[in-house]
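We just call them A, B, C, D, E and F in the order they show up, numbering each chain from 1.
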(Lines give C-alpha, C1' and ligand atoms only; values in the text may rest on other atoms or scores of the structure.)
Protein backbone atom coordinates (compact mmCIF):
# COMPACT_ATOMS: atom_id res chain seq x y z
CA UNK A 1 0.00 0.00 0.00
CA UNK A 2 1.23 3.44 -0.84
CA UNK A 3 0.96 5.46 2.38
CA UNK A 4 -0.34 8.39 0.39
CA UNK A 5 -3.61 6.74 -0.65
CA UNK A 6 -6.53 8.51 0.98
CA UNK A 7 -8.38 5.86 2.98
CA UNK A 8 -11.01 8.07 4.63
CA UNK A 9 -12.39 11.01 2.61
CA UNK A 10 -11.93 14.14 4.73
CA UNK A 11 -9.86 12.12 7.21
CA UNK A 12 -12.75 12.17 9.69
CA UNK A 13 -15.46 9.80 10.86
CA UNK A 14 -17.78 12.67 11.77
CA UNK A 15 -20.62 13.34 9.35
CA UNK A 16 -23.60 15.69 9.43
CA UNK A 17 -26.24 13.01 8.89
CA UNK A 18 -26.75 9.23 8.97
CA UNK A 19 -27.04 9.31 5.18
CA UNK A 20 -23.57 10.84 4.92
CA UNK A 21 -22.29 8.30 7.42
CA UNK A 22 -23.64 5.52 5.25
CA UNK A 23 -21.99 7.02 2.18
CA UNK A 24 -18.72 7.22 4.09
CA UNK A 25 -19.01 3.55 5.08
CA UNK A 26 -19.42 2.57 1.43
CA UNK A 27 -16.43 4.67 0.40
CA UNK A 28 -14.22 3.35 3.18
CA UNK A 29 -15.06 -0.23 2.24
CA UNK A 30 -14.24 0.47 -1.41
CA UNK A 31 -10.95 2.18 -0.59
CA UNK A 32 -9.72 -0.95 1.19
CA UNK A 33 -10.38 -2.94 -1.97
CA UNK A 34 -8.59 -0.21 -3.92
CA UNK A 35 -5.40 -0.39 -1.87
CA UNK A 36 -5.48 -4.18 -1.95
CA UNK A 37 -6.00 -4.24 -5.72
CA UNK A 38 -4.57 -0.98 -7.07
CA UNK A 39 -5.15 -1.87 -10.74
CA UNK A 40 -8.29 0.01 -11.81
CA UNK A 41 -8.88 -2.23 -14.80
CA UNK A 42 -8.81 -5.40 -12.71
CA UNK A 43 -11.08 -3.80 -10.10
CA UNK A 44 -13.56 -2.88 -12.84
CA UNK A 45 -13.58 -6.48 -14.06
CA UNK A 46 -14.02 -7.85 -10.53
CA UNK A 47 -16.81 -5.39 -9.88
CA UNK A 48 -18.69 -6.88 -12.81
CA UNK A 49 -18.36 -10.26 -11.10
CA UNK A 50 -19.48 -9.39 -7.59
CA UNK A 51 -22.30 -7.10 -8.74
CA UNK A 52 -24.01 -10.13 -10.27
CA UNK A 53 -23.16 -12.63 -7.54
CA UNK A 54 -25.74 -12.67 -4.75
CA UNK A 55 -23.41 -14.17 -2.14
CA UNK A 56 -20.80 -11.49 -2.80
CA UNK A 57 -23.39 -8.72 -2.75
CA UNK A 58 -24.49 -9.93 0.66
CA UNK A 59 -20.85 -9.96 1.80
CA UNK A 60 -20.45 -6.38 0.57
CA UNK A 61 -23.44 -5.52 2.70
CA UNK A 62 -21.83 -7.11 5.76
CA UNK A 63 -18.66 -5.13 5.24
CA UNK A 64 -20.52 -1.85 4.92
CA UNK A 65 -22.57 -2.72 8.02
CA UNK A 66 -19.39 -3.20 10.06
CA UNK A 67 -17.85 0.05 8.82
CA UNK A 68 -21.10 1.87 9.50
CA UNK A 69 -21.26 0.58 13.07
CA UNK A 70 -17.98 2.37 13.77
CA UNK A 71 -19.04 5.57 12.04
CA UNK A 72 -22.40 5.59 13.84
CA UNK A 73 -20.69 5.21 17.22
CA UNK A 74 -18.26 8.00 16.32
CA UNK A 75 -21.24 10.28 15.69
CA UNK A 76 -23.13 9.23 18.83
CA UNK A 77 -25.70 7.85 16.43
CA UNK A 78 -26.62 11.38 15.33
CA UNK A 79 -29.00 11.53 18.30
CA UNK B 1 -23.01 5.07 -6.37
CA UNK B 2 -25.15 8.07 -7.11
CA UNK B 3 -24.87 10.33 -4.08
CA UNK B 4 -28.57 11.00 -4.29
CA UNK B 5 -29.68 7.47 -3.49
CA UNK B 6 -31.47 7.37 -0.15
CA UNK B 7 -29.53 4.91 2.00
CA UNK B 8 -31.46 5.31 5.26
CA UNK B 9 -35.22 5.93 5.06
CA UNK B 10 -35.98 9.09 7.04
CA UNK B 11 -32.23 9.72 7.39
CA UNK B 12 -32.38 8.66 11.05
CA UNK B 13 -31.50 5.60 13.10
CA UNK B 14 -34.11 6.45 15.73
CA UNK B 15 -37.29 4.40 15.64
CA UNK B 16 -40.33 4.21 17.89
CA UNK B 17 -40.13 0.47 18.51
CA UNK B 18 -37.79 -2.53 18.16
CA UNK B 19 -40.05 -3.81 15.37
CA UNK B 20 -39.48 -0.60 13.41
CA UNK B 21 -35.77 -0.85 14.16
CA UNK B 22 -35.73 -4.32 12.70
CA UNK B 23 -37.58 -3.15 9.60
CA UNK B 24 -35.06 -0.35 9.23
CA UNK B 25 -32.18 -2.85 9.46
CA UNK B 26 -33.69 -4.90 6.65
CA UNK B 27 -34.17 -1.82 4.50
CA UNK B 28 -30.67 -0.52 5.13
CA UNK B 29 -29.18 -3.88 4.19
CA UNK B 30 -31.21 -3.98 0.98
CA UNK B 31 -30.27 -0.43 0.02
CA UNK B 32 -26.57 -1.35 0.08
CA UNK B 33 -27.26 -4.13 -2.38
CA UNK B 34 -29.27 -1.64 -4.44
CA UNK B 35 -26.43 0.87 -4.74
CA UNK B 36 -23.94 -1.91 -5.49
CA UNK B 37 -26.21 -3.42 -8.16
CA UNK B 38 -28.42 -0.59 -9.44
CA UNK B 39 -30.10 -2.70 -12.15
CA UNK B 40 -33.52 -3.68 -10.77
CA UNK B 41 -33.91 -6.55 -13.21
CA UNK B 42 -30.60 -8.14 -12.22
CA UNK B 43 -31.43 -7.64 -8.51
CA UNK B 44 -34.75 -9.38 -9.03
CA UNK B 45 -33.00 -12.33 -10.65
CA UNK B 46 -30.38 -12.52 -7.89
CA UNK B 47 -33.10 -12.33 -5.27
CA UNK B 48 -34.63 -15.46 -6.74
CA UNK B 49 -31.25 -17.15 -6.24
CA UNK B 50 -30.51 -16.18 -2.64
CA UNK B 51 -34.09 -16.67 -1.47
CA UNK B 52 -33.73 -20.38 -2.25
CA UNK B 53 -30.14 -20.80 -1.09
CA UNK B 54 -29.90 -21.63 2.61
CA UNK B 55 -26.30 -20.43 3.01
CA UNK B 56 -27.15 -17.08 1.47
CA UNK B 57 -30.31 -16.72 3.57
CA UNK B 58 -28.20 -17.25 6.67
CA UNK B 59 -25.74 -14.64 5.40
CA UNK B 60 -28.61 -12.19 4.89
CA UNK B 61 -29.55 -12.84 8.49
CA UNK B 62 -26.01 -12.02 9.64
CA UNK B 63 -26.05 -8.75 7.74
CA UNK B 64 -29.37 -7.69 9.21
CA UNK B 65 -28.13 -8.68 12.68
CA UNK B 66 -25.11 -6.39 12.32
CA UNK B 67 -27.20 -3.47 11.05
CA UNK B 68 -29.71 -4.01 13.85
CA UNK B 69 -26.98 -3.96 16.51
CA UNK B 70 -26.16 -0.40 15.46
CA UNK B 71 -29.80 0.68 15.33
CA UNK B 72 -30.53 -0.88 18.73
CA UNK B 73 -27.58 0.94 20.31
CA UNK B 74 -28.73 4.20 18.71
CA UNK B 75 -32.10 3.75 20.38
CA UNK B 76 -30.65 2.77 23.77
CA UNK B 77 -32.30 -0.58 23.14
CA UNK B 78 -35.76 1.02 23.50
CA UNK B 79 -35.43 0.53 27.26
CA UNK C 1 -41.44 -7.71 3.08
CA UNK C 2 -44.92 -7.14 4.36
CA UNK C 3 -44.64 -4.46 7.05
CA UNK C 4 -47.07 -6.42 9.18
CA UNK C 5 -44.79 -9.40 9.76
CA UNK C 6 -43.84 -9.60 13.41
CA UNK C 7 -40.04 -9.47 13.50
CA UNK C 8 -39.52 -9.41 17.28
CA UNK C 9 -41.92 -11.42 19.45
CA UNK C 10 -43.39 -9.03 22.05
CA UNK C 11 -41.72 -6.12 20.23
CA UNK C 12 -39.11 -5.85 22.99
CA UNK C 13 -35.50 -6.86 23.51
CA UNK C 14 -35.96 -7.11 27.27
CA UNK C 15 -36.22 -10.62 28.68
CA UNK C 16 -36.40 -11.99 32.20
CA UNK C 17 -33.46 -14.36 31.87
CA UNK C 18 -30.44 -15.11 29.65
CA UNK C 19 -32.21 -18.28 28.54
CA UNK C 20 -35.15 -16.24 27.27
CA UNK C 21 -32.72 -13.83 25.63
CA UNK C 22 -31.15 -16.74 23.81
CA UNK C 23 -34.54 -18.01 22.67
CA UNK C 24 -35.36 -14.52 21.42
CA UNK C 25 -32.09 -14.41 19.46
CA UNK C 26 -32.98 -17.68 17.75
CA UNK C 27 -36.48 -16.44 16.91
CA UNK C 28 -35.25 -13.10 15.60
CA UNK C 29 -32.74 -14.85 13.34
CA UNK C 30 -35.44 -17.16 12.00
CA UNK C 31 -37.88 -14.33 11.37
CA UNK C 32 -35.37 -12.61 9.08
CA UNK C 33 -35.16 -15.78 7.02
CA UNK C 34 -38.95 -15.90 7.04
CA UNK C 35 -39.39 -12.41 5.62
CA UNK C 36 -36.68 -13.04 3.04
CA UNK C 37 -38.23 -16.35 1.99
CA UNK C 38 -41.95 -16.13 2.83
CA UNK C 39 -42.82 -19.51 1.28
CA UNK C 40 -43.13 -21.97 4.18
CA UNK C 41 -42.70 -24.99 1.97
CA UNK C 42 -39.44 -23.73 0.49
CA UNK C 43 -38.18 -22.77 3.97
CA UNK C 44 -38.95 -26.29 5.20
CA UNK C 45 -36.96 -27.77 2.33
CA UNK C 46 -34.03 -25.41 2.91
CA UNK C 47 -34.10 -26.21 6.61
CA UNK C 48 -33.54 -29.85 5.76
CA UNK C 49 -30.45 -28.76 3.84
CA UNK C 50 -28.78 -26.51 6.40
CA UNK C 51 -29.61 -28.77 9.34
CA UNK C 52 -27.35 -31.42 7.81
CA UNK C 53 -24.63 -29.10 6.54
CA UNK C 54 -21.95 -28.42 9.15
CA UNK C 55 -20.74 -25.17 7.58
CA UNK C 56 -24.27 -23.78 7.51
CA UNK C 57 -24.97 -24.89 11.07
CA UNK C 58 -21.87 -23.00 12.17
CA UNK C 59 -23.08 -19.96 10.23
CA UNK C 60 -26.47 -20.19 11.96
CA UNK C 61 -24.55 -20.14 15.23
CA UNK C 62 -22.71 -16.98 14.20
CA UNK C 63 -25.96 -15.25 13.35
CA UNK C 64 -27.55 -16.16 16.67
CA UNK C 65 -24.39 -15.03 18.48
CA UNK C 66 -24.62 -11.60 16.85
CA UNK C 67 -28.32 -11.23 17.65
CA UNK C 68 -27.70 -12.35 21.21
CA UNK C 69 -24.93 -9.78 21.71
CA UNK C 70 -27.49 -7.04 21.09
CA UNK C 71 -30.11 -8.62 23.33
CA UNK C 72 -27.59 -9.16 26.13
CA UNK C 73 -26.49 -5.53 25.98
CA UNK C 74 -30.13 -4.41 26.02
CA UNK C 75 -30.62 -6.36 29.25
CA UNK C 76 -27.40 -5.12 30.84
CA UNK C 77 -26.31 -8.74 30.69
CA UNK C 78 -28.92 -9.68 33.31
CA UNK C 79 -26.38 -8.68 36.00
CA UNK D 1 -36.89 -25.61 18.91
CA UNK D 2 -38.34 -27.05 22.06
CA UNK D 3 -38.55 -24.17 24.52
CA UNK D 4 -37.34 -26.45 27.27
CA UNK D 5 -33.84 -26.97 25.84
CA UNK D 6 -31.25 -25.42 28.12
CA UNK D 7 -29.39 -22.88 25.98
CA UNK D 8 -27.12 -21.37 28.65
CA UNK D 9 -25.80 -23.68 31.39
CA UNK D 10 -26.75 -22.12 34.75
CA UNK D 11 -28.87 -19.53 32.90
CA UNK D 12 -26.25 -16.85 33.59
CA UNK D 13 -23.46 -15.13 31.67
CA UNK D 14 -21.50 -14.47 34.86
CA UNK D 15 -18.49 -16.70 35.46
CA UNK D 16 -15.75 -16.74 38.07
CA UNK D 17 -12.85 -16.65 35.62
CA UNK D 18 -12.03 -15.94 31.96
CA UNK D 19 -11.37 -19.66 31.52
CA UNK D 20 -14.91 -20.45 32.64
CA UNK D 21 -16.21 -17.70 30.38
CA UNK D 22 -14.44 -19.32 27.47
CA UNK D 23 -15.90 -22.71 28.33
CA UNK D 24 -19.35 -21.12 28.49
CA UNK D 25 -18.85 -19.58 25.05
CA UNK D 26 -18.01 -22.99 23.60
CA UNK D 27 -21.05 -24.57 25.23
CA UNK D 28 -23.40 -21.81 24.12
CA UNK D 29 -22.17 -22.14 20.54
CA UNK D 30 -22.68 -25.91 20.62
CA UNK D 31 -26.16 -25.63 22.10
CA UNK D 32 -27.30 -23.51 19.15
CA UNK D 33 -26.17 -26.26 16.81
CA UNK D 34 -27.98 -28.75 19.03
CA UNK D 35 -31.34 -26.96 18.84
CA UNK D 36 -30.93 -26.46 15.10
CA UNK D 37 -30.04 -30.13 14.55
CA UNK D 38 -31.60 -32.08 17.43
CA UNK D 39 -30.58 -35.52 16.10
CA UNK D 40 -27.52 -36.59 18.09
CA UNK D 41 -26.44 -39.14 15.52
CA UNK D 42 -26.45 -36.61 12.69
CA UNK D 43 -24.59 -34.09 14.86
CA UNK D 44 -21.94 -36.70 15.61
CA UNK D 45 -21.49 -37.36 11.92
CA UNK D 46 -21.29 -33.65 11.09
CA UNK D 47 -18.80 -33.13 13.89
CA UNK D 48 -16.52 -35.64 12.19
CA UNK D 49 -16.74 -33.48 9.09
CA UNK D 50 -16.04 -30.04 10.53
CA UNK D 51 -13.33 -31.30 12.90
CA UNK D 52 -11.24 -32.21 9.86
CA UNK D 53 -12.13 -29.23 7.71
CA UNK D 54 -9.84 -26.25 8.32
CA UNK D 55 -12.28 -23.64 6.99
CA UNK D 56 -15.03 -24.92 9.26
CA UNK D 57 -12.71 -25.06 12.26
CA UNK D 58 -11.83 -21.43 11.67
CA UNK D 59 -15.55 -20.61 11.44
CA UNK D 60 -16.15 -22.41 14.74
CA UNK D 61 -13.46 -20.16 16.18
CA UNK D 62 -15.22 -17.05 14.91
CA UNK D 63 -18.49 -18.13 16.48
CA UNK D 64 -16.88 -18.79 19.84
CA UNK D 65 -15.08 -15.44 19.63
CA UNK D 66 -18.39 -13.63 19.14
CA UNK D 67 -20.08 -15.47 22.01
CA UNK D 68 -17.08 -14.80 24.23
CA UNK D 69 -17.16 -11.07 23.48
CA UNK D 70 -20.63 -10.91 25.02
CA UNK D 71 -19.67 -13.03 28.03
CA UNK D 72 -16.53 -10.97 28.64
CA UNK D 73 -18.51 -7.73 28.57
CA UNK D 74 -21.07 -9.23 30.96
CA UNK D 75 -18.26 -9.93 33.40
CA UNK D 76 -16.62 -6.54 33.00
CA UNK D 77 -13.71 -8.47 31.54
CA UNK D 78 -12.96 -10.00 34.95
CA UNK D 79 -10.92 -6.87 35.76
CA UNK E 1 -13.93 -30.79 25.36
CA UNK E 2 -11.98 -31.79 28.40
CA UNK E 3 -12.71 -29.11 30.99
CA UNK E 4 -9.07 -29.12 32.00
CA UNK E 5 -7.76 -27.71 28.72
CA UNK E 6 -6.30 -24.26 29.26
CA UNK E 7 -8.23 -21.92 26.96
CA UNK E 8 -6.67 -18.60 28.02
CA UNK E 9 -2.97 -18.59 28.95
CA UNK E 10 -2.69 -17.06 32.43
CA UNK E 11 -6.50 -17.11 32.72
CA UNK E 12 -6.62 -13.35 32.23
CA UNK E 13 -7.43 -10.93 29.43
CA UNK E 14 -5.16 -8.26 30.89
CA UNK E 15 -1.82 -7.76 29.17
CA UNK E 16 0.99 -5.27 29.60
CA UNK E 17 1.05 -4.10 25.99
CA UNK E 18 -0.99 -4.20 22.76
CA UNK E 19 1.63 -6.56 21.33
CA UNK E 20 0.99 -9.02 24.15
CA UNK E 21 -2.74 -8.57 23.66
CA UNK E 22 -2.33 -9.47 20.03
CA UNK E 23 -0.30 -12.56 20.90
CA UNK E 24 -3.02 -13.56 23.37
CA UNK E 25 -5.67 -13.18 20.65
CA UNK E 26 -3.72 -15.52 18.38
CA UNK E 27 -3.29 -18.08 21.16
CA UNK E 28 -6.96 -17.94 22.18
CA UNK E 29 -8.04 -18.48 18.58
CA UNK E 30 -5.69 -21.46 18.24
CA UNK E 31 -6.85 -23.01 21.50
CA UNK E 32 -10.44 -23.11 20.25
CA UNK E 33 -9.27 -25.07 17.22
CA UNK E 34 -7.31 -27.31 19.57
CA UNK E 35 -10.30 -28.23 21.73
CA UNK E 36 -12.45 -28.75 18.65
CA UNK E 37 -9.83 -30.96 16.99
CA UNK E 38 -7.73 -32.46 19.80
CA UNK E 39 -5.62 -34.67 17.51
CA UNK E 40 -2.28 -32.88 17.07
CA UNK E 41 -1.40 -34.80 13.94
CA UNK E 42 -4.65 -33.87 12.20
CA UNK E 43 -4.23 -30.23 13.28
CA UNK E 44 -0.75 -30.20 11.82
CA UNK E 45 -2.07 -31.49 8.53
CA UNK E 46 -4.92 -28.98 8.46
CA UNK E 47 -2.51 -26.18 9.29
CA UNK E 48 -0.58 -27.05 6.14
CA UNK E 49 -3.83 -26.58 4.23
CA UNK E 50 -5.00 -23.26 5.62
CA UNK E 51 -1.53 -21.72 5.64
CA UNK E 52 -1.51 -21.96 1.85
CA UNK E 53 -5.14 -21.06 1.25
CA UNK E 54 -5.68 -17.30 0.94
CA UNK E 55 -9.39 -17.39 1.83
CA UNK E 56 -8.67 -19.35 4.99
CA UNK E 57 -5.79 -17.07 5.95
CA UNK E 58 -8.13 -14.12 5.67
CA UNK E 59 -10.67 -15.96 7.83
CA UNK E 60 -7.97 -16.60 10.44
CA UNK E 61 -7.35 -12.87 10.41
CA UNK E 62 -11.04 -12.16 11.04
CA UNK E 63 -11.09 -14.52 13.99
CA UNK E 64 -8.03 -12.94 15.56
CA UNK E 65 -9.51 -9.48 14.97
CA UNK E 66 -12.66 -10.44 16.88
CA UNK E 67 -10.71 -11.95 19.78
CA UNK E 68 -8.47 -8.90 19.87
CA UNK E 69 -11.43 -6.52 20.05
CA UNK E 70 -12.43 -8.15 23.33
CA UNK E 71 -8.91 -8.12 24.74
CA UNK E 72 -8.38 -4.49 23.75
CA UNK E 73 -11.62 -3.46 25.48
CA UNK E 74 -10.59 -5.43 28.57
CA UNK E 75 -7.39 -3.42 28.70
CA UNK E 76 -9.08 -0.07 28.07
CA UNK E 77 -7.10 -0.05 24.85
CA UNK E 78 -3.82 0.36 26.79
CA UNK E 79 -4.48 4.13 26.81
CA UNK F 1 4.49 -17.96 15.88
CA UNK F 2 7.79 -16.53 16.93
CA UNK F 3 7.01 -14.31 19.91
CA UNK F 4 9.40 -11.71 18.56
CA UNK F 5 7.37 -10.85 15.48
CA UNK F 6 6.07 -7.30 15.71
CA UNK F 7 2.28 -7.56 15.47
CA UNK F 8 1.38 -3.88 16.00
CA UNK F 9 3.73 -1.24 14.57
CA UNK F 10 4.72 1.09 17.43
CA UNK F 11 3.00 -1.28 19.89
CA UNK F 12 0.13 1.17 20.28
CA UNK F 13 -3.43 1.53 19.01
CA UNK F 14 -3.30 5.32 19.35
CA UNK F 15 -2.89 7.25 16.11
CA UNK F 16 -2.94 10.93 15.27
CA UNK F 17 -5.65 10.71 12.61
CA UNK F 18 -8.36 8.38 11.27
CA UNK F 19 -6.21 7.91 8.15
CA UNK F 20 -3.34 6.62 10.28
CA UNK F 21 -5.78 4.43 12.17
CA UNK F 22 -6.95 2.94 8.92
CA UNK F 23 -3.36 2.31 7.82
CA UNK F 24 -2.71 0.61 11.16
CA UNK F 25 -5.77 -1.62 10.67
CA UNK F 26 -4.43 -2.74 7.29
CA UNK F 27 -0.99 -3.45 8.74
CA UNK F 28 -2.36 -5.36 11.72
CA UNK F 29 -4.49 -7.53 9.44
CA UNK F 30 -1.49 -8.27 7.22
CA UNK F 31 0.75 -9.11 10.17
CA UNK F 32 -1.66 -11.85 11.27
CA UNK F 33 -1.38 -13.40 7.83
CA UNK F 34 2.39 -13.05 8.08
CA UNK F 35 2.67 -14.94 11.37
CA UNK F 36 0.28 -17.60 10.12
CA UNK F 37 2.20 -18.02 6.84
CA UNK F 38 5.79 -16.91 7.54
CA UNK F 39 7.10 -17.84 4.07
CA UNK F 40 7.32 -14.60 2.10
CA UNK F 41 7.38 -16.35 -1.24
CA UNK F 42 4.17 -18.27 -0.51
CA UNK F 43 2.51 -15.09 0.79
CA UNK F 44 3.44 -13.29 -2.40
CA UNK F 45 1.88 -16.06 -4.47
CA UNK F 46 -1.28 -16.09 -2.36
CA UNK F 47 -1.53 -12.31 -2.59
CA UNK F 48 -1.68 -12.67 -6.36
CA UNK F 49 -4.65 -14.97 -5.86
CA UNK F 50 -6.74 -12.94 -3.44
CA UNK F 51 -6.03 -9.62 -5.17
CA UNK F 52 -7.90 -10.93 -8.22
CA UNK F 53 -10.66 -12.76 -6.37
CA UNK F 54 -13.63 -10.52 -5.59
CA UNK F 55 -14.97 -12.67 -2.72
CA UNK F 56 -11.55 -12.64 -1.04
CA UNK F 57 -11.13 -8.91 -1.55
CA UNK F 58 -14.47 -8.36 0.16
CA UNK F 59 -13.33 -10.63 3.01
CA UNK F 60 -10.13 -8.60 3.35
CA UNK F 61 -12.34 -5.55 3.67
CA UNK F 62 -14.34 -7.19 6.46
CA UNK F 63 -11.18 -8.01 8.37
CA UNK F 64 -9.85 -4.47 8.10
CA UNK F 65 -13.26 -3.12 9.17
CA UNK F 66 -13.16 -5.23 12.33
CA UNK F 67 -9.60 -4.19 13.18
CA UNK F 68 -10.48 -0.57 12.53
CA UNK F 69 -13.48 -0.70 14.86
CA UNK F 70 -11.11 -1.50 17.72
CA UNK F 71 -8.60 1.17 16.74
CA UNK F 72 -11.33 3.79 16.35
CA UNK F 73 -12.71 3.01 19.81
CA UNK F 74 -9.19 3.19 21.25
CA UNK F 75 -8.87 6.68 19.85
CA UNK F 76 -12.33 7.82 20.98
CA UNK F 77 -13.09 8.11 17.29
CA UNK F 78 -10.67 11.05 16.97
CA UNK F 79 -13.52 13.33 18.09
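Note that in this section a residue touches a chain if its C-beta (ideal position, glycine included) is under 8 Å from a C-beta of that chain, and two chains touch if they have at least 3 such contacts.
Each chain and its UniProt protein: A, B, C, D, E, F = Hexameric tyrosine-coordinated heme protein.
Predicted, not measured: the structure shown is a model, and the values here were computed from it.
*Asks:* State the superposition rotation angle between the two copies chain A and chain F, fitting on C-alpha atoms only and giving a multiple of 5 degrees from 0 to 180.
*Replies:* In degrees, rounded to 5: 60.
*Asks:* If more than half of the interface residue numbers appear on both sides, call it same; otherwise different. Which is it for chain D and chain E?
*Replies:* Different; most numbers are used by only one of chain D and chain E.
*Asks:* Centroid from C-alpha atoms only, then distance chain B to chain F, rounded to Å. What do you get?
*Replies:* About 27 Å separates the centre of chain B from that of chain F.
*Asks:* Based only on mean CA positions, could you tell me how far chain A sits from chain D in angstrom?
*Replies:* Roughly 32 Å separates the two chain centres.
*Asks:* Between chain B and chain C, what is the separation of their C-alpha centroids in Å?
*Replies:* Distance between chain centres: 16 Å.
*Asks:* Mind pulling the chain D residues that touch 2 or more other chains?
*Replies:* 50, 53, 55, 59-60, 62, 66, 69, 73
*Asks:* Could you classify the connectivity of these chains, where an edge means two chains touch, as line, ring, star, complete or other?
*Replies:* Chain contacts: single closed ring, each chain with exactly two partners.
*Asks:* Output the ring sequence of chains, start chain B, direction chain C.
*Replies:* Read cyclically, starting with chain B and passing chain C second, the order is B, C, D, E, F, A.
*Asks:* Taking the complex as given, what residues does chain B use to touch chain A?
*Replies:* 1, 3, 6-8, 11-14, 28-29, 32-33, 35-37, 42, 46-47, 49-50, 53, 55-56, 59-60, 62-63, 66-67, 69-70, 73-74
*Asks:* Going by the contact rule set out above, which residues of chain F touch chain A in the complex?
*Replies:* The touching residues are 17-19, 22-23, 26, 50-55, 57-62, 64-66, 68-69, 72-73, 77-79.
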